[in-house]
Every structure is written in C-alpha cells, then in structure tokens.
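Every chain is named by a letter (A, B and C) in the order it is written, and numbering of its residues begins at 1.
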Amino acid sequence: MNASDLWPLVLSLRERAPLVQCITNFVAMDVTANVLLAAGASPAMVHATEEVADFVQLGGTLSINMGTPSPDWVEGMMAAVSAAQTRGTSWVLDPVAVGATPYRNAVAAGLLSFDPTVIRGNAGEIMTLAGRTCVTTKGVDSTQTAATARDAAIALAAERRCVVAATGEVDIVTDGRRLIVLGNGHPLMTKVTALGCSLSALIAAFLAVSDDPWAATAAATAYFGVCGELAAEGAAGPASLRIRLIDLLYSLDAAAFDQRLKVMA
Amino acid sequence: MNASDLWPLVLSLRERAPLVQCITNFVAMDVTANVLLAAGASPAMVHATEEVADFVQLGGTLSINMGTPSPDWVEGMMAAVSAAQTRGTSWVLDPVAVGATPYRNAVAAGLLSFDPTVIRGNAGEIMTLAGRTCVTTKGVDSTQTAATARDAAIALAAERRCVVAATGEVDIVTDGRRLIVLGNGHPLMTKVTALGCSLSALIAAFLAVSDDPWAATAAATAYFGVCGELAAEGAAGPASLRIRLIDLLYSLDAAAFDQRLKVMA
Amino acid sequence: MNASDLWPLVLSLRERAPLVQCITNFVAMDVTANVLLAAGASPAMVHATEEVADFVQLGGTLSINMGTPSPDWVEGMMAAVSAAQTRGTSWVLDPVAVGATPYRNAVAAGLLSFDPTVIRGNAGEIMTLAGRTCVTTKGVDSTQTAATARDAAIALAAERRCVVAATGEVDIVTDGRRLIVLGNGHPLMTKVTALGCSLSALIAAFLAVSDDPWAATAAATAYFGVCGELAAEGAAGPASLRIRLIDLLYSLDAAAFDQRLKVMA
C-alpha cells in the first residue's frame, strides 16, 4: 500500500460526491458535515426513527457515532443500521467513550449486533470492544496509545469480520488479515474536538468509492492524517488547525500526499 | 431594485438588532447564530413546546428549518408557527430535503398550513413544494438549478400568497407578481454546510426591518450572496470561506455592496 | 488578586487536563468543547438521564447550561446535578435567558435547588435570579450592563452561598464577601455566539484545579477576557475573533497575561 494505491480513492470521492448519511453527536455535527463536503461527499444528517430507513434506501453509505446517545436517538440509530444490514449498505460505527458507562456499553453492543463494515475508535475504545481488560477511560479521551491496541484491533476485526481502525499517535487499520500502520497526524489534533468523529464519517464516504472496505478505510485515514499534519504545521493553535484541515481536505494534491504519506508497516 | 434600494435594510438591521427566534437543525445551529450576530441581529434558538409560544410573544421574527426533524421538535415548530400566525409574526420556512422521505413531506405540509411569510429552498425543494414532478433528490443537496425552478417559484408564491426564494447558481426571489434574479455567490459556497439554512434565518432578520417581505428577502439574499462571493475570492478553501463570510457580514460597506451586486432581472 | 495569583491556575489546567462534563445547549456544543480543549481540559458532552450520574462518578467537574432546554434534557440536567450534590462535585450553572419565559424560570429554579458552586450569567440573568425587578430581556441577550448588576450579584452569592459571576462590559466575580471586577474583553465578543456559555464551562474546568471556587472563577474569567481582548484586536470580524480566541487560549503566555490583565477592583 502506498500513495499511488490510495490517492485514486481521494479523486473518486471528489468526482462522485457520494451521499453519506450520518447519525452523529451534537458536538460533531458541524465539523463532520464540513469535513465531508470539503472532501467531496454529500452529507445528510438524518436521525429520526420516522425516516432513517427511508434515507438508507436513497443508496448512500452510513456513519453512526454514539457520542451523545439518548434513547430516542439510539432508536433511530438501530432503525438505520437494521435497514443498512438488510440492504447491504456499508456502515461505520464510532463507539465514542464505550467503557465509560453501562448505558454506553449497552448501546455499543446493540449497534455491533448489526455488523458494521468498519469500526473506528481510539485505542481505549477498541480495547474495550475487544474485551481487553484494565482499560482506563477518562471521559471521551483515551489514555491508551494506538500502538498498544494493535493486538486488540486484529482480534476485534477477526471476531467481527469487519475492518477496525484504531487511531491515535499512529493509526492501525486491519481487517484481521491485512494490516497497515500509518504515521501521519499531529499532537495538536487532539486539541480540536470531534476530529476522530469526522474521520469516521469520512471513512463512510470512502466506502462508497471502493469495493474493498480495508483499502477505503486506509485511504480515508491516510488522507485525513496527511491533511491534519500539514494543517498543524503553521497553525497558530487548534482553531486555526481546524480551518486549515478542512481547506486542505478540499485542495490537497497528489504530490503533497505522496510526499507526506508515512506508511510504517 | 438596485443597491440603493437594498442597502438601507442592511443598515437598519445593524442599527436595530432585532430578535430572531430560530428552530433550526443541529448542523446549522452554530453557523446560523454567528451569521445573525455578525449581520446585526439578536438570535435566540428556542425549540421546546413548553416555551416557543411565549418566545413568539417577545416580538421577534421566526425562522423554521426542518433539516433534522423528529416528532418532539416538529411539535415545537408547530406550536411556534401557530403562535406566529395568531400574532401576525413574520416567519420563514426552510423545507430542507423535502421530497426525500414521506416523513419530511408530512412535516413540510404541516408547517405550510400555517402560512409562512417566506419560503426559501434550493431548486429541488421549491419544485417539490410546487408539485412539479420528476424531481431527483440526493439527500439534502439538490440536483436542480435555480433557473429551472423559476416557474415553480412563481407558481408556489402565487398559490401560497407568500414570498419564495429559490437559491443556487442564481437566486430567484418572487412574490408571484414581482421577481428579482440575483447573480452573486460562488460555487465554493456549496462546500460549506448550512449556508442556505443561515440565509433563511437572515431573511427572517430582514423581515424585522421592512414592511415588504419581498424586498426584505431580496435584500437578505443579495447581501449574503455578495458577502459569500467576496469571501470565496481569496479563500484557501471552504473553511476559510465561512470565516470570511461571517466577517464580511459584519464589515461590508455600501461601496463594496454597490460595486458587486448583480441584479440580472 | 493579580496576574501572579491567577496564572498558576492556567498552568495547572494545562498540566492536569481535568475532565469537565457539560450539558449545554445545541449552539454552544462545538465552541465550548473547543474552548475547553484549547485551555487544556478534557470535555465530555453527556446529557442522557441513563448515564449522567455514572459520568459524574468519573470524578470531573460539571457545567450545566440551559440555553436550549426541553423536558428530556432538563431531566438529564437534574439527574446530573443531583449526583453532583451527593458526591460533592463542583458545578457551574449558566441560566441562559432566565426571565424570558415561565418555563425557563421553572428550569432555573429546579437547578438552583441543587446548590451550584458557581452561577455565571449576564447582568440581566443575574438580576433575574436575585429577584431584582424591572428586568427587560430581549431573548438571550441582556439589556443590562454588568455594572448595574453588582449589588444583585453580591446579594445572590450571599443568599445562595455560592460564587456569582456577572459578565459583560466589566466582569464581576463575588462570593458575597470577596469581590473582583475585571475589565478585559472587547465589544466584538458580543457578536460571536456562545462565548458566555463557553466561559461557564471554562469556569468548571478551573474549579478542578483550585480549592477556592472564587479564585477559580476569577482566573477563568480573567483568562478568557484577556484572550478575547487580544483576539479582537487584529480580527477582521467576529469569526476571526473566535478562531484567534481559541488559538490564544492554547498559546497565551504569562507575560502577555500579566501585561493585559485589568483588575479594576
């Protein structure tokens, strides 16, 4: 896997503008929609039980983020993933802060039972879903590094027959057999809210332009990491980073992607 | 209609800081409030059935956006527009993605029955409300151009006795008798989420400073288009455009407005 | 109180990254989370009755903002502040637009009964809570100045045995005995949505790094005011101000803080 394998998916996304239905948390709404639009996708935030299944029939991919769950929203999420499973729609699960409360664990378990195509989380979230013990959580921010989650990611991917992305200092993307480790990104990205949430939705966009969910997840993660890293350099702080990241998702060219991409394994 | 007809309304808005009550979608909350504040209005996002009617009594105008509808929010919307109709409060309907699902169509029909002062949508939404067939929708983004919606806009305005704004590549504002076509804006604006939603709320602000809803809608649309066009020029991407747009809504002067305004018909 | 008393709390916040649980309004979600992250805290937006009490047990502080209340969210707020009171968790109440509707007054009264550690509001909100008559409210924006709220703030703090911050043109922070008046900030800050809401959450973050709620509230208010003032200078408009403010919360140094801080009394 190198830049010439991944870049064509970036171009496909820009050309085809696929519909991505998102049920996400209240903090992530704005930045997620803007990330998707900048990268070329057509986002639709639609969460009500009354219409989520109809929206799935429009033929997009689906991104489910449980950052601010409540019973009415979870009902909409369940209706959406049920429709996705029936239709064969690719969908991404972002299990925000799973492990923090029993309620959140129950929500994650319910969603998992509908076979996500991709699970993206930080190291702590992925370790929790993989049943690894001794996970210390501090709210929504993980105290684990992605490197320590490598084994957990592989095990979870194999068990769930899905792609798992454990993102952080390094990003691990695996389908249980294949594995890529990406080294882009920047520590300042952790000071901007909902970038992980936005990446999850971006993965859903890439799923629409590839038949290989592992390659799609790798491409989205690599693209986001390269843009984030370039955005951080020269940023005066976290708010500037966010502006620059979205601008770069729109404007990055193949040469810059190729020059910066760090595939570590 | 030219810049000297429209600019006084921009100044009135800055001077009078009218209250604008918004029930909008979760994606649009932040940018809408900031657009209104920058332009001089005083926004209040208030949606609960328990208090929306009381808020209407405070004397502002009202903006209703159905981008992320659910039954509890729709109940609040209905209570608000009912109070608005009774009190004679001017209000704007933004029928986001009407046509995409039966639920959304039902919500739009319910709201329409309370006689909006202005309806603002993209070409596809306006054609759907006008009962024009063969509308292809792709989630929340329209595949129609505003130019093709011209007849639909006139018919809808005449039928509903309201002002209709069909915005896109060009912006059409009509009350069924009078019509203005505005040519400002920039394609990069379509890569920023909720700008259409924000314009709808800005129209509600302009309704507070004019007795002529058609002129108010034209002024808001022209002002937003000019600022968006100037913001896009020199922007590094969609996130920069948004920042510059909000800054320009605050700082644009009469000379720049006059120089840039494109009234096409 | 001077810069050398307050600055150590800024440093503690950056070093210790305390968890701050927020139940806030839909407009403030994004900017609040970004303000907290930039200043060094670890925000978690969690509102569902099903998990708020469990989240309080994780040991953070709590910020409650009633900007967009509805019965389900208020139920979550009440469960959270009840758990906070039982556990001895410090928490901040932001009584947005109290006085505007009977519903909002009832919500505020319910929350107040659980003994907030700090109440932060604009002058009109503080005067309303203190039972001062003749308050004119215009939606969520106050028509009172903070200076006129000084007596009300002292009375409210004494009655409720809490810290009260009445912020505006000048910022008053009092625990009923001690009082500090801060003169930083900039009028352009009133053109950016949810900055007051963000300050309330930032106060909750500072509560985690001090045993003295009055000093913590003064430090948060001073820090935010200095950053806002510097952000406004050189900003092209309100959107630029917001970007610069968040960047400065991340990067401000002791010398700049010391040079700018205006303690007026």
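A few points about this structure:
Basically, contacts are C-beta pairs under 8 Å (C-beta built on N, C-alpha and C of every residue); 3 or more make two chains touch, one makes a residue touch a chain.
Only a predicted model underlies this, so the values are computations on that prediction, with no experimental measurement involved.
Rounded to a multiple of 5, the C-alpha superposition of chain A onto chain B involves a rotation of 120 degrees. Although chain A and chain C share one sequence, what matters here is the overlap of their interface residues, and that overlap falls short of half of the numbers used. The distance from the centre of chain A to the centre of chain C, each centre being the mean of the chain's C-alpha atoms, comes to 32 Å. Looking at chain A, one finds that residues 26, 29-30, 72, 242-243 touch two or more other chains. Residue ranges on chain C touching chain B, taken from their complex, read 25-27, 29-31, 67-72, 97, 100-104, 137-141, 190-194, 235-240, 242-243. Taken together, the chain A residues at the contact with chain B in this complex read 19, 21, 26, 29-30, 33-34, 37-38, 42-51, 54-55, 58, 60, 72, 76, 242-251.
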